[in-house]
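Letters are used for the chains, namely A, B, C and D, taken in the order the chains are written, and counting of residues starts over at 1 for each.
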Amino acid sequence: MAGNSYGTLYKVTTFGESHGEALGGIIDGCPSGIQLDFEAIEVEMSRRKPGQSAIVTQRKEPDAVQFLSGIFEGKTTGTPIGFIIPNTNQKSDDYSHIKDNYRPSHADYVYDQKYGFRDYRGGGRSSARETASRVVAGAIAKQMLPQIKINAYVSSVGPIHLDTPYQELDFSKIESNPVRCPDEKSAAVMEEYIRDIRKQGDTVGGVVSCVIQNVPVGLGEPVFDKLHAELGKAMLSINAVKGFEYGSGFSGSEMKGSEHNDLYNPDGTTKTNLSGGIQGGISNGMDIYFRVAFKPVATIMQTQDSLDNKGNITPMTGKGRHDPCVVPRAVPIVEAMAAIVLADFYLINKTY
Amino acid sequence: MAGNSYGTLYKVTTFGESHGEALGGIIDGCPSGIQLDFEAIEVEMSRRKPGQSAIVTQRKEPDAVQFLSGIFEGKTTGTPIGFIIPNTNQKSDDYSHIKDNYRPSHADYVYDQKYGFRDYRGGGRSSARETASRVVAGAIAKQMLPQIKINAYVSSVGPIHLDTPYQELDFSKIESNPVRCPDEKSAAVMEEYIRDIRKQGDTVGGVVSCVIQNVPVGLGEPVFDKLHAELGKAMLSINAVKGFEYGSGFSGSEMKGSEHNDLYNPDGTTKTNLSGGIQGGISNGMDIYFRVAFKPVATIMQTQDSLDNKGNITPMTGKGRHDPCVVPRAVPIVEAMAAIVLADFYLINKTY
Amino acid sequence: MAGNSYGTLYKVTTFGESHGEALGGIIDGCPSGIQLDFEAIEVEMSRRKPGQSAIVTQRKEPDAVQFLSGIFEGKTTGTPIGFIIPNTNQKSDDYSHIKDNYRPSHADYVYDQKYGFRDYRGGGRSSARETASRVVAGAIAKQMLPQIKINAYVSSVGPIHLDTPYQELDFSKIESNPVRCPDEKSAAVMEEYIRDIRKQGDTVGGVVSCVIQNVPVGLGEPVFDKLHAELGKAMLSINAVKGFEYGSGFSGSEMKGSEHNDLYNPDGTTKTNLSGGIQGGISNGMDIYFRVAFKPVATIMQTQDSLDNKGNITPMTGKGRHDPCVVPRAVPIVEAMAAIVLADFYLINKTY
Amino acid sequence: MAGNSYGTLYKVTTFGESHGEALGGIIDGCPSGIQLDFEAIEVEMSRRKPGQSAIVTQRKEPDAVQFLSGIFEGKTTGTPIGFIIPNTNQKSDDYSHIKDNYRPSHADYVYDQKYGFRDYRGGGRSSARETASRVVAGAIAKQMLPQIKINAYVSSVGPIHLDTPYQELDFSKIESNPVRCPDEKSAAVMEEYIRDIRKQGDTVGGVVSCVIQNVPVGLGEPVFDKLHAELGKAMLSINAVKGFEYGSGFSGSEMKGSEHNDLYNPDGTTKTNLSGGIQGGISNGMDIYFRVAFKPVATIMQTQDSLDNKGNITPMTGKGRHDPCVVPRAVPIVEAMAAIVLADFYLINKTY
């Protein structure tokens, strides 16, 4: 399948390993004539970047994007946009301990089994550093769809949940704290929890919620390429994601039809929105919202048994970089993938 | 996107409306030389069929599959397998009440908005009757992969949950009760609950769990076409699905890395399997398991407000057919889509 | 690749063997609201059908198309159009002589090598009968693009060439003779030649020329999916095709730039059109024209050596059906594939 | 369609304008474990490069490829191979004369019409410089398939034809002369002809022939993705190509079936090979051969009328660079595209 492309008409293809020369990608199908705001792209990149605050990893990833094609005098030309993000820190000595070792719940083992050998430095292609290219493609997709508002935020960290409905949240607060939780009280508790996890040399998972507003009616291609099916695939393709639900989600499975049905207003909007803005796989004009579950990062600063490539169990301790909770950094990635999915359907469904 | 195809090398394309002449599809890429067990295909079809028991809809759908190509002397030839499932009941008069009306939480409204008009009879293309074609394609995929065991079952109905780990269940009991729950006690409670819902003229959602065993290491194509991302998309494309999680799923987001990591045995298997048989998007040889959330069916036998195409709110009562809980019938559909996803990756990854 | 689909947004998938139950296909992505002219579809089907005149095979292929979905009250609904063409003559006894024999320059041998065995009746999937499904899909594509005029005709039969530029031909004469050559004198010579070939029990090849008019500027997707590259692929996928050239074609390779360049008129049209209506892979608004070379049909009524599946060379004589020159019947197939390619680009390039 | 990708399992995506920062591409799906010969890649690049001899353009294109990912310790890892080819000469002042002018038989006009504006420097995306990325991808495909021999050569330049059958040519002579014609006498005549054309400030077209040997039986996916249909598309996607024919090609259309049929030897090979190594769209193990027609390059050093974007006809003279015959430089590009097509089918058909 050569699985490094996403999309049909807004088609994103990425490349790059954690410690190779560079990451990058090609955005093929971006319409011509979009005046790009490069600063806005940099903002998205810096949101994803490690080392933003005391609660995330202090690794340095400058993430400077270089655009190589498809842009002329600041505007997209309709031809493919090639870009690279050079890796400034390519020294691999600090990954020598994993050269012959499979870390638990990492992809080391399956890559070796599937491909015969692997670029072991920093996780290689399976590193979440790969998502930097997605953020570039998503940032441009956002600029292609300025009328649509995409807001993701952290709605839970480990056992701490923000249960407030999104309608009652102030999205402008998302960037006001390092957890990217728009409810300041919850954010403080979450931050405290993450600091504690960090001290333990442990990691913790969480949930990112995402709300998409101002989507026109009609996006989505049943029966297989339903809008929520593509959103689900796009989210599940992000590193560490374990689950996806939209609208009423898993809790909707506990409800009765008489409770769950969204009754209409005369203008075609609905009084409730348990459908999550999508009916039959097609956007209905209401807000689209969904939740994405992230497992805790597998690299912990504690000693755990690993497997070497000769079949020996050997204790191993995580070194150097520690990302106790990756979920805040996942927020811009979720938004990027949502923007890419929407951009593709926009072009397919000709509502651009 | 012309969204009615799934897969790259095992490629399934379907067509058909609820009350058209016939449904059907084309399976392109099925390897040659598979001696088909047509009875096994019929069994899968009858599992999906309405009217199997007192707790499901009594609608008659004979679902007799006619194979038109790609099979010679009982064996697949490697050329596309065309098939049709004639609709024996095409009378549309009993759907006249929805001709100009949009039922709440159905796709009526979005189809009219997207396409300008619609085949309103029985939901047209958005009817779950469409899944009959998927079951045919899945039944053949299963026969292509006889070594792999796929078992889906109902793990919750409305508020009633079966929390027993799948390892402790006896999959041979799944078909022993109309709910398709392998735990007989839970099945009895669920059945009772559904009978009650039926009496209320209401519907209820539920969850289907699925376990896939004997999958070789190496299936899946990162970074976008990860095995679980494709499984997720395939499940989310089934009518009424609101969520998907695999392995530890949403509950994994509450855990610490030190709890969540699956430690290795010397042979490359893992002591625990919170990863759900997939690491970095690639199967690792452990059991794959996931859960699929279904909302309650929107058609209820109670009076609810609907919207007509002139913008009037009008009360409407569901007629005739009543499927109080569609989740047991979804079990073979979940298995079919899982088989299709696996068949595609088998061919792509050359382990067939 | 599962190579039985063509197109991205107007996506045609076909199935069916020469002597199976039925041929058929699915057209996915056809826009909604097109009032179909079923009679026009029948006309296209009858143009492709064998037995139309004394110079073609007398085999009976009734080719009645049954539409099964995607059409409601005579109009396309935007959902996939499924259709079948039942094979009324499925008796296979008259093909028993090729069961274990590979006919020269047929696909018998490669199908057996690739798939392990084959449906040997009448060529199975490799029979040109497969093109009936393409004609259905093309007839609908034509109706989707009523403003565009597609005219194909026979421009050579064996050594007899019609060298008149297409601008001087009267396309309304194409159907006036069994050769489908708009120049009546040439047609008479060609017909005579074919009659002679028929008497010899031999076959002969020829060339189909095609002219597409009223195409808007902008269709085509460089650098790989150039308009002429897709047209070329589509034509080369038709049975017996050996070559494709557009605009100046092979003769253009003998010219100088100063002769070949098409100078502009002030309105963007060009004084000459050696470019064939396409520059850089994108339509420029001028007439698109191309030529498609067909080899002589391999089945001849003479005795030739064949190979059996045990490695013996055995003489074999063609039986029953004799199509001395398939080229006139290829005319509607060329038009159909051209229409399918254009329909796909129309949707992709949003000029519909 | 976002037409800048080719292939399904060996998938090549390219980007880059003539005078942008860099060209480049991503090869997704290349199998792991191939020890790359970087020198061989450089050789292919230098074959394509302008300025190799007195008969081609003297433009400098250093074409140094930088690989950024997918390669570790000199071997492919199975992950996407990203690469760039920096443009060292980005000064655009010498293209100011075409900023507002549409050169005859260039893509300037259609790009402006399709995209609203364009990167006018040196043809932008429509420049043949784009093919440098194809040559990289083809060079790696060749190394993936070391057993297969691909030899292209110039078989005609303008009116001068080399009619010797390829079986009688010595492919080792191809690189012995600047025309890349393996027959030295013809090469000398062709070279003389090109020198004369150069003096006239004119250009001339030609034909590249290509022979592929040692291809296993079974590559190709009927009915649409036939081997020769994909080869044809790939060749037609190369700049300036006007026609493609394989095996007997257009001359086969003049033959009788009794002459054209390839009779079998007992081992399944054929006595003749008018089929060109492909039957029914599937390789039959015989040599594959085809011919590709190139028009003369549109940029000539003579004064010709052009159109400006206000609708005025203005005389224009080509400046600086003059490529009197691009056909010798097209030889490695034809080979590269052939290698890419074969690599893709190898992976799809699992014979790798």
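General observations
The rule is short, and it goes like this: contacts are C-beta pairs under 8 Å (C-beta built on N, C-alpha and C of every residue); 3 or more make two chains touch, one makes a residue touch a chain.
Being a predicted model, the structure only gives us computed values, none of them experimental.
Most remote from chain D, judged by the distance between CA-atom centroids, is B. Between the interfaces B-D and B-C, more contacting C-beta pairs are found at B-C.
Chain B and chain D have CA centres that are 46 Å apart. Centroids built from CA atoms put chain D at 27 Å from chain C. Per-chain Cα centroids separate chain B from chain C by 39 Å. Contacts with at least two other chains are made by residues 1-5, 8-9, 14, 114, 125, 348 of chain A. Listing the residues of chain B that touch chain D in their complex gives 8-9, 348, 350.
On chain C, the positions that touch chain D within their shared complex are 1-6, 8-9, 14, 102, 104-107, 109-111, 113-114, 125-126, 130, 156, 158-159, 197, 200, 202-207, 217-218, 220-226, 228-230, 232-234, 236-237, 239, 242-250, 252-268, 270, 274-276, 279-284, 291, 293-300, 302, 304-307, 311-313, 344-345, 348-349. Chain contact summary for the complex, chain C toward chain B: residues 1-5, 7-11, 13-17, 20-26, 28-29, 32-33, 66-70, 72, 75, 77-82, 84, 114-119, 124-125.
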